[in-house]
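In what follows, subunit A forms one complex with subunit B and a second complex with subunit C.
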Partner chain A sequence: MIELAFHKTLHSADGTMPLRVDLRIKQGSFACLYGKSGAGKTSFARIVAGLLAAEAGRIRVNGATWYDSEAGIELRPQQRSVGFVFQDYALFPNMTVEENLSFALRRGQDAGIVRDLIELIELGGLRDRRPAMLSGGQRQRVALARALVQTPALLLLDEPLAALDAAMRARLQQYILRVHREYRLSTILISHDVSDILKMADTLLHLEHGGIVWQGPPAKYFGRSSLSGKFQFSGELIAIEAQDVVFILSILIGGNVVKVVADESEVKALRIGDRLLVASKAFNPIIRKIDVNPDDERIPRS
Partner chain B sequence: MIDWEPLVLTFKLAATTTVVLLIIAVPLARWLAYTRSRIRPILETLVSMPLVLPPTVLGFYLLIAFSPSNAFGGWLQDWLGLRLIFSFEGLVLASLIYSMPFMVHPLQSGFASLSPSLQEAAYVLGKSKTATLFKVLLPNMKSSLLSAVVLAFAHTIGEFGVVLMIGGNIPGQTRVASIAIYDEVEALNYAAANTYALILFVLTFIMLLGVYLFNGGYLQRLRQ
Partner chain C sequence: MNILHGHIDSLTSSGSLTLVHVNVRQTRLSAIVIDRPDTAPYLKLGNSVTVLFKETEVVVGRGTEHFVSLQNKLPGSVESIAKGELLSRLVLATAVGKVVSVITTNALRQLALEPGSAITAMIKTNEMMLSE
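Moving on to the complex of A and B:
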C-alpha cells in the first residue's frame, strides 16, 4: 500500500495555491496523475521523491515511512526507494547509455541488471553512444531504464511522453507498460493526455487546484459523459470555422488534424485549445496497415 | 642576461593561488548557483568587489590587518608563526582575494547553466552531494572549469598594486615579474623591462588563446 498524505503551499506567478492530497494506492498499480498544467502535478511528484519539502503529512510506501512530519522523519531523496523520470530526461551528457545505467547501480549491486534493462528497452546497439547522439524517444527509453536500475518500490514518471510525436508515443507506452509488469512496480505517471491514461493506467487521480478531485478507474472517468462510443479519440481544438448553418471544428488528434461538424449550441461552450473527446459508433471503418520500419522513429510514411 | 627569479616567483604564486582558489571556489560557486538564501547577494557582492576596487585599497587594508603591530597580525605571528606582510604567504592570501571573482564567476555560471534536474537525478539515484559534484556536475562544465582556472592564473600573473602594497619588492620573496618591470623602468633599464614584459605578454596571450580555441570548439573541428 502506498499512502500519500501531505500539504504544501505552492508559489506561482498567479499567487499561492495549497497542494493538499490524501490518497492511498494499491501496491503494483499503475496510477495516472491527470490535470491541467499548473494544477501541481510536478510538485506532487517532487514531494513524493523528496526533491521538494512538504509542510506536513505522511508518505509511506510498502510499509516504509519516507516522510512523517509528526514523527520528525524526512528521508532524503537518496534514501527513498524511488525511480524518477524527468520531463527533460536528465541523462548525464558526459556518460554513454551504458554508463548512465551503470552509474545508477548501488554499491555492490550486480551489474547484470544493466544488461537486462538495455535488452528490455532494445538499445543494445546504442550502448556506447552519448545522449546527445540519441533521438528523443531513445533518450526517453534510457531515462526509463536508468530509473529502474535500483528496482525502486515506486516509479514516478513526470510527463515522459509530452515531447514525443504520436508514433513514438505509442511505442513508449508499450515500453512503460512492459517494465511496469516485468518489475512489478507501483507506478505514478503524470500526464494530461487521455490516450496515455486509457492505454496504461488502472487508476486515475484527477488533480485540480492542488487537490485530488476524483480517484478511480480511468474508463469510468472518461465514460462519465454516458457515451458508449465504439471509437473514442481525444484531441485539442485548434480551429472553429462557421460554414452556412453548421460549424467545422478542426481537432488535433495525435499528429493528425480531424475535421468534425458541430452545430451552434455545441460550439457555444467550446474554446480554441479545449481538450475534446471525439466518439462515434455505428459506422464501418476501413483498416489499412501502415508500413513502418522498426528502426525509423519518425512519423510513419502513410 | 636577465634575472629569472621574478618570473619563476610569478608562476609559483599564480600556480599556488589557482590551486588553493579552485578548492575554495568550487563549493562556493555551487552554493551561490543553487541557493535561495538571503545572504547570497551580499556574498556575491563581496566576491565581485575586487573587480572594481583599486588594488591599492585591498592592499592597504590587508597591510593594516596583517601588520604585526596590530591585534590580528600580532596574533598570527605569535600563535601561528605566520608573517603575512612582505612575505610569499601574504602574497598568496592577497591573490586569493584579488583573483576570487575570476575563478568564482565562470564556475558559478557553469553550475547555473546545467539543468537542475541533472543534480536531482543523481540524488534520486542515491548519489551523495560530493559524488554528484565529481561524477556529474564538473564533467559537464569543463569549459567553465578551464575558463576559471586560466583566468585566475592569468589574472594573478597580472597583479601589481596589491603585491606592491603588502609584498613590497624583496628578491626571491615578493619581487614578482610585474614589480620587476616597474623596477627596471625606474632604473632606466629598458632592455630588461622589455624582456620581462614581452615574456608576460606572449605567455598570457597563449594561455587565453588556448581557452578560446578550446571553448569555441575550434580544436574539435580541426581534428575532424
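Moving on to the complex of A and C:
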C-alpha cells in the first residue's frame, strides 16, 4: 500500500494554491495523475520523491515511512526507494548508455541488474553510444532503465512521453508496461493524454486546483458512464477509409474488427492506434439467435 | 456526430425508461433513454445536457408540413451539399444551429435539393443520445 497524505502551499504567477492530498494506492497498481497544467501534478511528484518539502503530512510506501512530519521523519531523495523519469531526463553526456546505467548502481550492488535492464528495454545495440547519438525515444528508454537500476518500490514518470511522436510513444508505452510488470512496481504516471491513460493505467487520479477530485478506473472516468447509450465498447482504431462523403473506421474490439461510419468532423481528430469509445443506443441493434449447429449458422453480412 | 447543448425541460418515466425533453435554443427536442432519475443523477430538471445524434439518422423533408411520427422536427434550409456517388452530405441551417445529414444521392435527386432549399430535418426520439 502506498499512502500519500500531505499538504503544501504552492506559489505561482496566478497567486497561491494549496496542494492537499490524502490517498491510498494499492501496491502494484499503475496509477495516472491526470489534470490540467498548473493543477499541481509536478509538485505532487516532487514531494513524493523528496525533491520538494511538504509542510506537513505522511508518505508511506509498502510499509516504509519516507516522510512523517509529526514523527520528524524526512528521508532524502536518495534514501527513498523511488525511480524518477522526467519529460527531458538529463543523462550524463560524457558517459555511454551502459556507463550511465552503471553509475546509478548503489555501492556494492550487483551489476547484473544493468545487464537485465539492457536486455529488457532492448538497449543492447545502443550500450556504447553517448546520449548525443540517441533519438529522443532512445534517450527516454535509457532514462527509464536508469530509474530502475536501484529496483525502486515506486516509479514516478512525469510526462515521459510528451515530447515523442506517435510511433515512439507507443513503443515506450510498451517498455514502461513491461518493466512495471517484470519488476512488480507501483507506478505513478503523470499525463494528460487520454490514450496513454487508457492504454496503461488501472487507476486514475484526477488532480484539480491542488486536490484529488476523482479516483477510480480510467474507462469509467472517460465517457463510459456519461453517455446514455447502453451499447458501449472500447477499442483500438486500426483503419480509416474515405468512402463517398463519409469515412469507414475499422475498430478492433475484443478480438473482432467492427466497422463504424463516421463523419469528417469526427475523423479529423483521429489517428490510427487511438483508443475509441463506440456507443450506440440500445434501440438500434437487431438480435438474432445463433443456431448451435455451426452448419446452420446464417448471419447476414452487413 | 451532431452535438447540441441544452437544458432538461421535462422528464417522464415509466418502468426503466425515461422520455426526456431538452430545450435547445427555445426548440424542444425529445430523447428516450434506458435510465431513470434515481439511477442516473444527470436526469434532473434544468440540468444542462448534450444531445448527440448521428448524421446518418437525420431525415430530410422538403418544406415544413410533415404528418409523420418523428418527434424532432427542425425547420430550416440547406446551407451546402457535398454530393457523392451513393451518399451525399448536407449541412442544414436550423433553429438549433447547424445539423449535418447524410442521405442517399438518389434521395437528394428525388427531393431536388439545392443550397437554399427550405427543408425540415427530422430525427427519431430513440436516435437521440444524451451526455452530461
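As a convention for this text, the second predicted complex is superposed on the first by the 223 of 302 C-alpha atoms of A that agree within 3 Å, B and C clash if a C-alpha of one lies under 4 Å from a C-alpha of the other, contacts with A are read in each partner's own complex, and residues count from 1 in each chain.
In this section, a contact is a pair of C-beta atoms (placed from the backbone, for glycine too) under 8 Å apart; a residue touches a chain by one contact, two chains touch by 3 or more.
None of these values were measured; they are calculated from a predicted model.
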Scan A:Ile287 for contacts with subunit B and subunit C and give back first, second, both or neither. neither
Based on the superposed arrangement, let me know which partner A:Ala13 touches: subunit B (first), subunit C (second), both, or neither? neither
Based on the superposed arrangement, let me know which partner A:Asp244 touches: subunit B (first), subunit C (second), both, or neither? second
Counting residues of subunit A in contact, which comes out ahead: subunit B or subunit C? B
Can A:Ala132 be said to touch subunit B (first), subunit C (second), both, or neither? neither
Thinking of the overlay built on chain A, is A:Asp263 touched by subunit B (first), by subunit C (second), by both, or by neither? second
What part of subunit A is in contact with subunit C in the complex they form? 223, 226-230, 243-246, 261, 263-266, 279, 281-284
Subunit B partner, complex, touching residues on subunit A are 49-51, 76-80, 82-84, 86-88, 90, 92-94, 103-104, 106, 146-147, 149-150
Across the complex, what residues on subunit C touch subunit A? 1, 31-35, 40, 42, 52, 54-56, 82-89, 100, 102, 126-127, 129-132
Seen from subunit B, its contact residues with subunit A in the complex are 115, 117-118, 120-128, 135-136, 139-140
